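So the structure is just underneath, and the comments pick up after that.
Per-chain numbering from 1; labels A, B, C and D assigned in written order.
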């Protein structure tokens, strides 16, 4: 068994394991190839299959230098990418999932939650907090796809809502980074209600005339796309990211025909007028920061809110 | 559905059919023989079985009733509860989605904007209605009606009976996600009363896009779920055969959702389901809507909006250390 | 020469004459067949070519009893159709056209205006005023296609704006009946500006939350469709009426293909989500009146305006 | 248009080309002969002819300059007048019309929403830009930008260079009329400063849909008309050959429109037209925009709206007995 076969074998096992976790949609689960000592040094590119030095890949924002495939980031990596070093202060990290339905399929939901916490090293499928981006304050949330497919249950909804409310209170821009298979079906109707809950709070933000930038990353589907992720004033996606409402397989089964290869990619969405920009990862921070700068100048002028520099940002969290 | 049709039985109703047939046969005989004791016994048994079946409907059985092809559909309710009915059409930008209907009716002398998803009764109508699965254009048509109602201060009543938003190529190309998301957000901002009535299938985001309401009501045998039982079974149990287990686990019945605090009222149906008595179903729905409209009338525009936003703000179950 | 040929000949002559008047679009001009003693008794249906008793046709709202073709109405006939008998009071009838460009093509504009006044027996291409519809007050305007193809120049714009302002002042519903080839090019840019002028005033009406019903009749095109005619809260068209932005010939020349037969008909627009209702003429009054009743009930409740019955309608015109 | 290109001459410029060629030839000769009197005379003549041509441009000649393929297009102005430029895309419902561009720039340190129609420079780009003729989706994209600007209190600057709204099958099916009408109405309701700059062709309703502005400016050689000269000639003169007559009769030049009170300022171009000096054209446009922005900054949101509405309220010529 050569190195490539070895990786492939591991990948398949991992994929099967993750698939059992279940997310609401038919996404091909791409597990991280490196998760133990044996492959810490090398990572196989999920775009072109080249073997890459892991350390080099990380330095390049997990973007393959050969094919520019944007490998999925963890929520924490995403925060590190966008927020200024040391500026991020997590909020609401102790909002934890319940099991309102006593849900059990092949495995109880409570067990899945524990597994997910272990696999993803994250308490839930989103991290939220306050930080700065090129010295401008922002409220930021990033989803963790490794946590049950980044699915939105009560905790994700509540954390997004609290973050949004904080953005309103402090008159800060809001940036949400989505990566999700959709609603978390193990919480049944309550997961569906998170769509209404987040959208409803975003209506308040909208009426307060505050900027909301939504960053859509591989993959964003279902109830997440169909609620907060699509409601940004400005919608940005990473190259090649797959974004949609229904999953490809469901659509193919419904319409009984093959879909075009680029269907539901970021580029397809741009072409179809659904998003504003497709931005390579290495430019994201500067462009988001510039967009915030452009918007907050004028908001200040009109609403005569306190200039950001004068808000004692972390003092009142 | 104007003429009296024979009701198509569901599988779990088969024991009743068998018994009923037996009774009829016996009755014919007994007319000749004069012995009616056995018939009486059978009738007692029939009532007992009937009670057992209908009092203990499982979630998957409720789904079957909710999807019954003879169940009253939104247009049946709309046309029954108001003499006035002016249907309006179109999203103004290229399509009049037949899966979404809407227009003006009168309730208690008040003009009401009514919007519903609509399934077809036959193949031809289902082509037009797309089996009740709205396209993005349908949701934008609904959004236009929301704004119309807001402008003219009309309460909004929605009727929901949809398998879900349509998962198609064009639906994705025309941004189904955005259409749904916008409806969620804009419904949340309205200053008029909004009442949603789930009459059949409340299919996920496609249903929610009409249901960010001050009051969410459900017919007794309707269901409302984040995912279809079959879809959930296919993913979590890896076989659609476990739809029954999934239906139970997902908590999709009116009773379950009432206990979860997600809906505000269960509207009763006659034994067996609304399809056994359209008239009664429409009457019950109208009465319930009237009551809620009267209550909501007491709220100011700003209160109506806050009431709706706070209602959904509270949804969710989590622990906070 | 049989009677049919006789009519046909007349029709062609008349068509040529009217075409010379010029309207901004490539509409087939359908002249009224009856304009002198010879054919007062009979009218040839423009839908099915049947000869109809003129008096019977008029009694049937100028709708053919054989094919239901809706023959064009004059502005006055339209008012008579919708407003209660004797209730209509014309306003602004003395706003008359100028010749701001000293426009002259094969004929001076001033001559065309005089011809048009004679042909149409109307001072301009619209009549506006106040009246009642089934005893409910309304502000109503109806266009006169016979007057230079119902084209919108400064007078049409000004009269619509004044009518709209009056609707705002008196908190009345507005009904505009359009029938037009588009902008009146003899007034150059000033005719184009009427689009902005009417739309701008309708924005005020919209913000005042007053009902505006737009009735589109055969034919409505160009700058009229692309301004006030499409801005109704409720859009109604008569059966088979042709309504669009660009004319059929222009489009066919542009895209180099034949258009479907029903293209730009009222039914096509309904199918394509552009209008709310297609209503046969004989039902128009009652349906419009019902729609007004439904809307004005609630407006009263919310804004606590004076009930219509208490507005001394004609006293303050 | 970044590298210096040779300018393609227009037909009425041909005398100048001939003279210029004669001068060059003579100059080569005179370098040998030492006789420069004739060259000097020719040069004087050149200047005289040039003056005659450019000072007395007829409307149809202005049209030719306005349509010159090397004329600066909206994106040229946008990119020249601001270092910052974030283009935004899409109508959110299925299309990103290439004939409409828009995004954020900075002028005088202030964020400005800029929107323009855009023609292509070659066949491939024109496929994308549809020769600068927007679809309904393009106008809805622009409308989305209007609302964005309104929300964030950004002044709006539009650049117009379009033959008109696209007259196509799909454009009609998607309701071109409604798209234009909505933009007219919604522009009229904005509370931010709106400045429209006609840079090339201002083609009828398709141009007006971006021009319901507090200030409407025109480049010296741009045109703005209710109908194309050719279209008008075909209808009123019954031949396109009379386009020149129609162009004159329609009063479509900046000077004419200024005198009619329809536009607020004429932005000068270099002799021959903006295509002879892109840099100068951009500078002139920027200066003019800056002045108007500064003036409009003095108005409150409500005043800005009223100013715009009253401006268009006054448009028209009629008598009132």
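Here is the rule we use: a contact is a pair of C-beta atoms (placed from the backbone, for glycine too) under 8 Å apart; a residue touches a chain by one contact, two chains touch by 3 or more.
These figures come from a predicted structure and were not determined experimentally.
Chain pair with the larger contact count among C-D and A-D is C-D, by C-beta pairs in contact. Inter-chain centre distance (subunit C to subunit D, centres taken as mean C-alpha positions): 33 Å.
In this assembly, the C-alpha centroid of subunit A lies 54 Å from the C-alpha centroid of subunit C. The distance from the centre of subunit A to the centre of subunit D, with each centre set as the mean of the Cα atoms, comes to 43 Å. Contact with two or more other chains is made by residues 206, 272-274 of subunit C. The multi-chain contact residues of subunit B, meaning those touching 2 or more other chains, are 92-94, 173-175, 178. Across the assembly, chains come into contact as A-B, A-D, B-C, B-D, C-D. For subunit C in complex with subunit B, the touching residues are 206, 209, 211, 233-234, 270-277, 287, 290-291, 294-295, 297-299, 301-302. Note for the complex: subunit A touches subunit B at residues 22-24, 26, 94-98, 100-101, 103-106, 153-155, 157-158, 161, 183, 185, 187-197, 199-204, 206-207, 222-223, 225-231, 244-247, 250-251, 254-255, 257, 259, 263-264, 272-274. Those residues of subunit B lying in contact with subunit C across their complex are 84, 86-97, 104, 106, 109-111, 137, 141, 148, 151-154. Only residues 92-94, 136, 140, 173-175, 178-179 of subunit B touch subunit D when the two sit together in their complex.
The touching residues of subunit B, when paired with subunit A in their complex, are 165-169, 171-178, 180-182, 184-186, 188-189, 204-205, 208, 211-212, 224-227, 232, 235-238, 245-246, 249-252, 257, 260, 262, 308-309, 312-313, 315-321.
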